[in-house]
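This is the structure I want to talk about, given as structure tokens.
So that you can tell them apart, the chains are marked A, B, C, D and E in the order they are listed, and the count of residues begins at 1 in each.
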Amino acid sequence: MKDDRGGQILLALLALSIVLVPILNSLPPDSALYLPTYTVTLIGKYLTLALLAVAVDLVWGYLGILTLGHGAFFALGGYAMGMYLMRQIGDRGVYGNPELPDFMVFLNWQELPWFWQGFDQFWFAAIMVMLAPGVLAFVFGALAFRSRVSGVYLSIITQALTFALMLAFYRNEMGFGGNNGLTDFKDLLGFSLQSDSTRIGLFIASALALAFAYLLCRYLMQSRLGRVCVAVRDAESRARFMGYRVENVKLWIFTISAMIAGVAGALYVPQVGIINPNEFSPLNSIEVVVWVAVGGRATLYGAVVGALVINYAKSYFTAELPDIWLFALGGLFVLVTLLLPRGITGLLRPKEAV
Amino acid sequence: MTVRTFGALCLLSLLLLLAPLRAMAASEEEVYSQAAELLMSRGFDEKGQAIQLLAENDHPQTPQILTLLMDSRLYYNKDDDRLYQIDDYDRGKPAISIASGDQIVIEKKRDFKKITLNNQLRSQVRQIQAELGLKAADLSRRLAAVRAMLGSMDSETLSLMRKAYAEEQSAAVRDVMQIAIAIGELPGADEARARDAIDTLAGSLEPDARNALSQYAAATDSKSLKSAAEKALADIEQRASFYGGIETLYFGLSLGSVLVLAGIGLAITFGVMGVINMAHGELIMLGAYTTYVIQQLMPNHIGISIIVAIPCAFLVSALVGIAIERGVIRFLYGRPLETLLATFGISLVLQQAVRTIFSPLNRSVETPEWMSGLIEINPVLSLTTSRLYIIVFCLMVFFALLLVLKRTSLGLQVRAVSQNRAMARAMGVRSEWVDALTFGLGSGVAGVAGVALSQLTNVGPNLGQSYIIDSFMVVVFGGVGNLWGTLVAGLSLGVANKVLEPWAGAVLAKILVLVFIILFIQKRPRGLFPQRGRAAEG
Amino acid sequence: MSLQSTMAEVLDRDHVFSFMAPQSAANLNVEKNVLLYLEGISVSFDGFKAINDLNLYINDGELRCIIGPNGAGKTTMMDIITGKTRPDSGAAWFGQTINLLDMDEPAIAQAGIGRKFQKPTVFEYLTVFENLELAMAGDRAVLRILGARISGEQRDRLDEVIDLIGLKELPQMRAGSLSHGQKQWLEIGMLLMQQPRLLLVDEPVAGMTHQEMDRTAELLTSLAGKHSVVVVEHDMDFVRSLAGKDRTVTVLHQGSVLAEGRMEQVQNNRKVVEVYLGE
Amino acid sequence: MLEIQGLNQYYGQSHTLWDVELSVPAGECTVLMGRNGVGKTTLLQCIMGHHSVKSGSVQFKGEDLLKKSVEQRPRVGIGYVPQGRQIFPLLTVEENLQIGLPVLPRGKRRIPDFIFDLFPVLAEMMKRRGGDLSGGQQQQLAIGRALVVDPQLLILDEPTEGIQPNVVQEIGDIIRRLNREMDLTVLLVEQKLPFARKVGDRFCILDRGRAVAKGAMAELDDQLVKEYLTV
Amino acid sequence: ADTIKVGVLHSLSGTMAISETTLKDTMLMLIDEQNKKGGLLGKQLEAVVVDPASNWPLFAEKARELIEKDKVSAVFGCWTSVSRKSVLPVFEELNSILFYPVQYEGEESSKNVFYTGAAPNQQAIPAVDYLKEELGVERWVLAGTDYVYPRTTNKILEAYLKSMGVAEEDIMINYTPFGHSDWQSIVSDIKKFGAEGKKTAVVSTINGDANVPFYKELGAQGVTADDIPVVAFSVGEEELAGIDTAPLVGHLAAWNYFMSVDSEQNDEFIESWHEFIKNEERVTNDPMEAHYIGFNMWVEAVKKAGTTDPTAVQDALIGVAVPNLTGGYATMMPNHHIAKPVLIGEIQDDGQFAVVSSTPGTVVGDAWSDYLEGSKDIVSDWRAPLSCGNYNVKTGKCSGQNF
């Protein structure tokens, strides 16, 4: 932690925002420092995306697994949370069915499918938020890493995974609301999602989750395990000959990363108010990788910076340059790659001799 | 002459059918003016009467008028209430009077109004056209006429058909006539003749024959005949399902060749050079847009525009590819993952660029005459011409590329550069030139794929996005760096998809194929045709 | 099967998922004083027989030199012992109890076989120190490496090895920046840290000066006894100084043993001279 | 033939070569010696253009080599056998050899037969992937590959590494022969004294990035060896 | 503020840009014209355009931005159902107004949303009636993209067809993924289904980009409109502009507006559209008309209320009637849907539709379908005293309201 300036700054900023944001938000609206709830939610959303980026950086930056399917874990976490929120609606849905979410009533479902059971309990949903992505990552990873699928082959099957899930979730028969996904959430743990205090609460939760995940990943990567990861990244077979079970190392890190992504998804959904299969889209996952690269790979805080910068740029450009913002964003990607080979945070770090 | 007699008979039958509606026989002029008036009225019923009038009276201009109607080239002038033929509806273009053949110039577009048809009228016209075609000496038209009548056999047509059969000389036509007669006879036939008819029908794959049989099987009281009909049906079913299998295979291959075309450029830029080229889809898109532009430039030569578009699309995409390579990628060699980032950015820029230049709307690319239509193998199996061309085209592109990479020193040099850039340069390989050329080649091929895709799907800014994932999938599934792998992977994924589709549905089939890829990679972690040897295993 | 036993089985993390089980299951047994058996090993690549009915026995504590022409199959043999290449036929045992052919690379490494590659391979992004740290003997289970700390004893050992391989001034240097010879040394150092029972050393002195060679020879001889060492090398001076008067030298040729015996015998073997040594 | 003057090179911040002076007279075999890590390979790589140099000049046949791009250097007549072989692992032996052909004038683009005379192994393994060869076979391939471009100056970085003794001898003979008969100038990096003595006409010793001694091979006495070549 | 701000929330990039960009331009044109007429309440109108980039969460974010940050008085936007669902809570929370211009599956009525596109009863049912009565269709292929709109429409149609005595085996239902591009097998199946002796038609709820390859495949396999007509609910002039229509002549579409409709308002509208977009080739389509109607309704309502205050405007909107482009009047109903004529058109080779049938008067949009089990008993009426979007007449309960 000592030699991690970027991380220190990041944590300090997060702590500061946790304290300041509620204060600024409670100022009178005409005050110069007033922070509208809209902005709070927006930053909260960015933070969850940053969390996802950290998860990706963990496996890509340190373990060399270029995952093009991490959006799948994010979305699964999001769906788990979405299902809980749907169940919370209860009989306040448009058809007033106390048991079934609206889309089920509307597609003539008679009873709640088995996989929706239990989601009326927050603790259950909270477990599923980590368990569902975790189990998927574990099974997928166990298969892939044991067969020594690596490099682009691994990247492409992660992409196939998220693509397949996307198609599956688009199907109405799956029971996840098809294309319309899950929306119209009302409250979380009894707090109305529309109230400012809930929004602030979600923001704080996101900031805390990010700080915690950062510390966790930092701890992992500072340990000898972290060095094994780097070793695996650079010379996988050599690590094997030294007695390291490369597949287990990969599997654990991959699973942890998937769970972090799941948490990110779960925090994302109540803040944006919708989860739909589009979150599984392979292009979304590729974008996350791009955030990490823009921020600076294998630093963790770089991932956060990348996610924040790009997403802010997106929000800004889509409002200010709606017709040509893709030029700006695309150009930004190209320029960062060419001019800042170590990402934005590379500017801050001393050049290490390679 | 038998043909003539047959034609006359058919016409006669037609006239008999139309008898109740028949207008007063009148002079040609009278018929024409009456018909023209009806045609110019607003209602479709009136237009229908006009068409019938023309057909019944066998007016010499009937075929011409019907053709013009079908092609939407028949207009009327609001001022002089006369019919005109207009090939190019624009100011200053000629309009030819139907009645007199005089030519005038369109001064105001609004003066002329097109005579439109609806579906019923169109079937009516087509029917008449077909039946007029019975007179034709042309064998294929006669054949088509008989087949058109298969679905509507009744006692009258049956007797006509019998007579015609006796006089018909062509074996092919006689075969179909036999079936027609069997269809007509079956419902009321006695036991022996019914059996004959069933036998005849059992040998045919015509859907109408099958319908006749199944109706008969449902209606007949005789157990033995019923079972004979059912057996015949089962027999037909079996053969039909065999051809169905072939059809599925063909669909699979044609889907596969689309995948191969989309992926093959990537097999070079990504597979051989190692650039994770996210802009590949947009290079395909550029090829498709080039096709569109070429068609805009030569609107009167759609047929050859496609041929012209191939080299043009190659050039456009290749040049853009080279620009990308020289401008961005060359700074990134040795950092393959960063090529992903930069090319992702480039793909966004290219998308937005076409959106700005061509608007976000889809563009319409026409299918040339020679590429449309069907090749009918038998009544249940016909192959679409355009797809056939695409399969052939795909193979041509593939082998051309193979030749370039295997037979020229370029192929060797690219591989050397991608394996050890520094050493290749130390051996005198001009790596910059090789990179640019190879990237250009891969991009150019992507452009060529765009020409093919423009025939099948949207030409719009999102075209590339919808193929990029499939392309990567195909290249990786086949084994990175192996051109043959790309071919086999594309074709087999296509076939797998089409085999699964009938029983799983389109959505599930796609999911299953993806799951299959995931599982397959577990078995063969380096694709279908892996790079082998010490070096590859690392 | 009772519920209880099922539960017990499920809860026993060694057996639920095979990959969670600790690997070096069987214990090393060298009762017969033979550490490594290779019997009737053959392997071919695309029809080319790289190893052809090879028989080789390494005693416990022995230092064995293996020489042979380029392409004789020496490296391939090591590949087979370390699990990189599967032989087409034959048996490979480590001690009396451990069947190497059933195990994968990490399991073999954990059973006590360490290897230095012909082409030096180190973790280029890690520092010299970290390379050695990772090689250090110890539990390789994921959770253990997560919690692993360097004890005082281990640190002493690390310092000792760094000193020994002459990289004392560069412990924080990225391994990727080392020169060829330095990488060779680093790899030897990693091997030392690993403290395997059997060391397979493929051309350790390539790219070293004569004096360094001598030092290496010294180092390897000192290891013999506690460890078994198999050295492949083309430098005859080096082999001679290793083999001394009474150690066995094996000559491989076209995938099988051409000659075996003391250095003198081998050196004077006509065939060996013909295919390998030269006049 | 090759004149190096005042060459300074840096890896990032670290100064690796210090004012190196080296001249390789035409038709002779110069041996570059020194301990591990003193910068021998680095010097050769500077000659081949793999690293940019901070200052100094490299002249080849009177021309400034530093102005030429990397891929032009084989064209002016430099063959390079790098340390670690750098074979193209997925190309066949034949393809590895063919890589240099386009450097030659049209009509002469054939792999010369004498290469197979020198290294019969290569002829045997024509269709095998370079990466599959054994270490020694790869080394032979690397030398053969460098000879394909018909060089006037052959630069070899520890060419005997990993090669069986009789072939080492042969390589020594070959270098001599190429040097004597075909008038090929050779710049050789070699650690093994006997070999160096056998093939070299002149020597140059590097120590920590500096050229510290040079002269005719006969002048290489124990004193120098002790000072610069032992640890 | 001396301008009245109007939000335009249409995707200008991503997959939906293809359809939505035109609507953005339409809005700009309408606002422009209104300003030329002197604005509204003595103020000029100002369009605030944002790009939600076909990304559904971004829709919600942008909606919030428009309402909270830019303080727009009303928003015109969305195309897909999911984008509407995504922004709906935002509009309800902040009590603003959204005009939604696209045909959709119904089953919704929000206090804050005004649906100017067609509900299923304003499109699908009349189209089926036409096929059955005029073309004598007996067998039906219901082909759609696998998402809510086609599912619902097909469910409604299936129930409707069965109620008219169509047998189970005469209905074939087929779903495909979004952006499906290889239609060979499906078209071949349709061909086989249609070759069994009865007149067959395809009712297509295929969405977006998938249409072009679908129609191209129909053309390639020689399925002509007189064999098997296809009636589509999502294919309009704009989509046709991207297809070579020659092989498609005679296939059908059901809409509430066609560019080819002969009326004075339409001519005027087309003219000003061409002038605004500076391209004579550009077509107009049904969702554009919906925005035209919606915008004029909003203007009327604001005038009527004398303020842009959302609550007042919401109340004022109900009952407002403005001319549509087909020569009649569109009225905002208490259920926030509008009354529209239903037109059936046949594709012509110039990419236009020839109207072959139209309902005698207008049809009132039905928020809750009468053919679906769950929604039969639900009605929507936003007038006092009911003021409820989904009132169950059986239980007498008003559920699912967010305000």
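Convention: contacts are C-beta pairs under 8 Å (C-beta built on N, C-alpha and C of every residue); 3 or more make two chains touch, one makes a residue touch a chain.
By chain, with names taken from UniProt: A = Urea ABC transporter permease subunit UrtC; B = Branched-chain amino acid ABC transporter permease; C, D = ABC transporter ATP-binding protein.
Remember, it's a predicted structure, so these values are computed and weren't measured experimentally.
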*With contacts defined as at the top, give the pair, B-D or A-E, that has more of them.*
A-E
*Please find which chain has its CA centre nearest to the centre of all protein CA atoms in view.*
A
*Using CA atom averages as chain centres, what separation in Å is found between subunit A and subunit D?*
53
*Starting from the mean Cα coordinates of subunit B and subunit C, work out the distance between those two points in Å.*
64
_Distance between chain centroids, defined by C-alpha means - subunit C, subunit D (Å)_ = 31
_Centre-of-Cα separation between subunit C and subunit A, whole angstrom_ = 44
*Residues within subunit C bordering two or more other chains*: 45, 84, 177
*Using the touch rule from the top of the page, what residues of subunit A touch 2 or more other chains?*
167, 170-171, 237, 323, 326, 353
*asked:* Can you pull out the residues of subunit E that are in contact with at least two other chains?
replied: 12-13, 146, 177
_So in the complex, the part of subunit D that touches subunit B is made up of which residues?_
48-50, 69-75, 80, 82, 86, 88-91, 95, 98-103, 129-132, 145, 149
*In their shared complex, at which residues does subunit E touch subunit B?*
12-15, 17-18, 21-22, 134-135, 146, 174-177, 179-182, 184-186, 188-189, 192, 195-197, 209, 212-213, 216-217, 219-222, 225-226, 229, 238-239, 241-247, 249-250, 252, 346, 348-351, 354, 356
_Footprint of subunit A on subunit E - complex, ascending_ = 12-13, 49-53, 55-58, 60-62, 64-65, 68-69, 80-82, 85-86, 88-90, 93, 107-108, 146-148, 151-152, 155, 177-178, 372-375, 378, 389-390, 392, 395, 397, 399-400, 402
*Quick one: which bits of subunit D touch subunit C in the complex? Just the residue numbers, please.*
11, 35-37, 41, 83-84, 121, 128, 132-137, 139-140, 158, 161-170, 191-193, 229-231
*Where on subunit B does subunit A make contact in their complex?*
276, 278, 328, 331-332, 335, 337-338, 340-342, 344-349, 351-353, 355-356, 465, 469, 472-473, 476-477, 480, 507-508, 510-511, 514-515, 517-519, 521-523, 525-527, 537-538
